[in-house]
């Protein structure tokens, strides 16, 4: 069984498009930073030193803040906190959306109507203003309330998509067959339906993490979350508050935002890979624009091999001129063609 | 008519939920919002405080929960959002009136530009899959993944602080001109809107482009596009009248779904630029615990999104003959 | 009489990382003016790939790896040499597409643009190739609609507002918009019920008589072709198995695969007989083993079959091989028509015997088989 699992992972890896692999590596890097970062940080993130607003140096790789705090240590702590929060929200939201989406599609009837209505209503009401209002009323603005609030508003997207997919699967023959043979509903859902939606659930999870990062950073930036904890958004809040950019202290402002941007990009790349894995048509068209060294657009007529070979593509002939084969071609001494 | 009527009914339900949420949230959260106000605004007159309690609950609220709820509805229908706390006794609706046009013009225009540009680029990227445009997507994805305000502040830093080419903040320069239909005001306002608008477009274009590109790729492999090629139609007709026109429908639906996010991003943008729209106002109201204003802004934003959704639905029905058929059914 | 379309040695492959898929292998087929040629085979046999490949309508990763497709329509060649479609540029292809060779697609619902009115879609085809003012083009579109028997008021309709049969007729009208010489019909009636099917088929015949175009009729249903086609080509696993006049093929099939196909459908007339079908599945087109691809499913296979070179040769020993209406060719050098006929007869007698021996078993088997 174990070898099957690892073989399966290896298979998925092989089929991932290039950009998704970049995403995996990049995200892995940040996970690593989250895990070991705060341990290897040279200073405590809140520790003030007399070296205020100092440019990056050997002592402080990312420079210091207005109160002499080491920016690198803050960023490392921030990555961990932000990722922790985002992944936790991702898990909670994915669980909720799978529950709602699958049960809504599978049970149907009034249950479906009610759940769909709730889902759609919360989809259409804009999330950030509601988040702001909720946090505005909550006097305790700790991590927990942020997590709760983000989770409450994050599940409709996934639920809707999963419901649609479950409806399609439910209409398929093999489900009807399972029902005929008397398999219990929960078994059908757990062993037949959900395994067919794995790529969708994975994509939904990644999207939720993206949303959680973006929303939590935005909320922290405007000061609506606890400004004493060192999340990436809080760093930006303080940097903005103390006019870092205007004072020329770009090193204070840039790294945290860059970290958010890179984490976000890695997730988007990852997601595009999951998309292509799950959607055969996108996958089939990926990389097929190149035939025999030429790029073929969809509106081009079907290429004829003889003609393609007669005129190598520009890049193809350029590269070819470096190859040993072409060198051999040109020497009179031989080499076979 | 039935399709549009069903959509309208749905939006009415959503509006009802929003209003009800607005009513219940201050009463449901731990802590007592009314007390917070008392501590923040100690010179509030007793009658004002009573009116406030009626709105958000608290020690001095009168009547049962149900009667308060009805009373609240009554107020909403008359656009009576109470009086502002910060600028007491200015009515909230007045404050809103000043801020809404700024948001509408900036956010409205910038969003439409971003959508149109992104969709157009997406058509090209989907048609020329693997081409230069397609390969530029990861770069644009980066801009999309970066927090709106981050890109905004970097741009402000470059264009306004380091180079003084464009103004760094505000909707207009209060020392030089004042609101009115004068050229000096309008040109000043335009100048102030360039950077915010540009940031909104830059951070959202990639999303629209990616979505349209993916829809185009699926649409191009449809039989009717192959049939159009078999008919020997010009490339332009195949790509636009056959592929893009069909791909536009799911793209528009995506736009409707994303409106909430679009609005959210624009709010943050206003905050970053201290732009005098309702986004900026919302943040101020939260920081000042100015609950009446806060509630009112939430409702206004929500209603705007619902209306925008309805408009998108109308556009889709206009463009899709199948939806029109469902309409008539 | 020279052919209007001559496909020679055409091969189409789909490039993939795991190896090319050889969808069509060295197929040669001719179409004479005004003729109906039926192209028959199971799904996956490459018949559609052959037609679309010849018209260069296949998308990447499709690649044409050998052959030529020569077209001799007078409008293009002005009596000179035929032009090879495979060597044409995109601009030259525009002149040929629809004006000379048109296609009636399989699923009209999918092949019609959902957001355009029928009239506009027909006008598209007209105005892309015929220079005429708009009102004239509209009149032509209206007359085309008349031709296929649809009321004129349906012109302003959208595809989803029409019935399946009407949509297919619209496809035919659309195909005739620019007066083509060759019409390729890709399973035009498969998605329709039998009654509508009959209607459409007789319409096609009538139009062909009237307008004089040649038809390449692609289908998996051999029974349709026996009444409709002048000549039939049978395809399997990307290769031609047998070609010949329709009547000849029906009476004297020379290839075991054709024989199998003939035994796979009941005829409305004639004595009741046992249906067989062909056991097994078509081969994976990625690995092209040498020899005949039909070996695993063929009742007459011998060791010699795996070194057969799959070229079409005239059928020997067939009484009808010498008829004037098209040569009778087969890819199977092992079996002759008489041997096939004898073997089939023997098998039928054997089944008859076993049926008489145990009537109940035979009855239940019969029910299962057909």
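When the chains are written out, they are named A, B and C in that same order, and each has its own residue count from 1.
Following the convention adopted for this analysis, a residue touches a chain if its C-beta (ideal position, glycine included) is under 8 Å from a C-beta of that chain, and two chains touch if they have at least 3 such contacts.
Everything numeric in this text was worked out from a predicted model, so none of it was measured.
When chain pairs are compared by contacting C-beta pairs, A-B ranks highest. Compared with chain A, the chain whose C-alpha mean position is the greatest distance off is C.
The most central chain, judged by C-alpha centres against the centre of all protein C-alpha atoms, is A. Once the centre of each chain is set as its mean CA position, chain B and chain C turn out to be 56 Å apart.
In whole angstrom, the spacing between the mean C-alpha positions of chain A and chain B is 24.
Per-chain Cα centroids separate chain A from chain C by 48 Å. In chain B, the residues that touch at least two other chains are 221, 229. Each of the following residues of chain C touches two or more other chains: 57, 59, 93. Chain contacts: chain A has residues 289-290, 298 touching two or more partner chains.
Those residues of chain C that touch chain A in the complex are listed here as 12, 15, 52-53, 56-66, 86-88, 90, 93. For chain B in complex with chain A, the residues that touch the partner chain are 10-11, 13-14, 17-18, 21-22, 25-26, 29-31, 33, 36, 127-131, 138, 141-142, 144-150, 153-154, 156-157, 161, 214, 217-218, 220-221, 225, 229, 235, 238-239, 257, 259-261, 263-264, 267-268, 271, 282-283, 285-287, 289, 291, 294-295, 297-298, 301-302, 305-306, 309. Within the complex formed with chain B, the chain C residues making contact are 55, 57, 59, 93-99, 102-103, 105, 107, 110-116, 124-125, 128-129, 158, 160-161, 174. On chain B, the positions that touch chain C within their shared complex are 221-224, 226-234, 237, 241-242, 245-246, 249, 319-322, 325. Against chain C, in their complex, chain A makes its touches with residues 288-292, 296, 298, 300-308.
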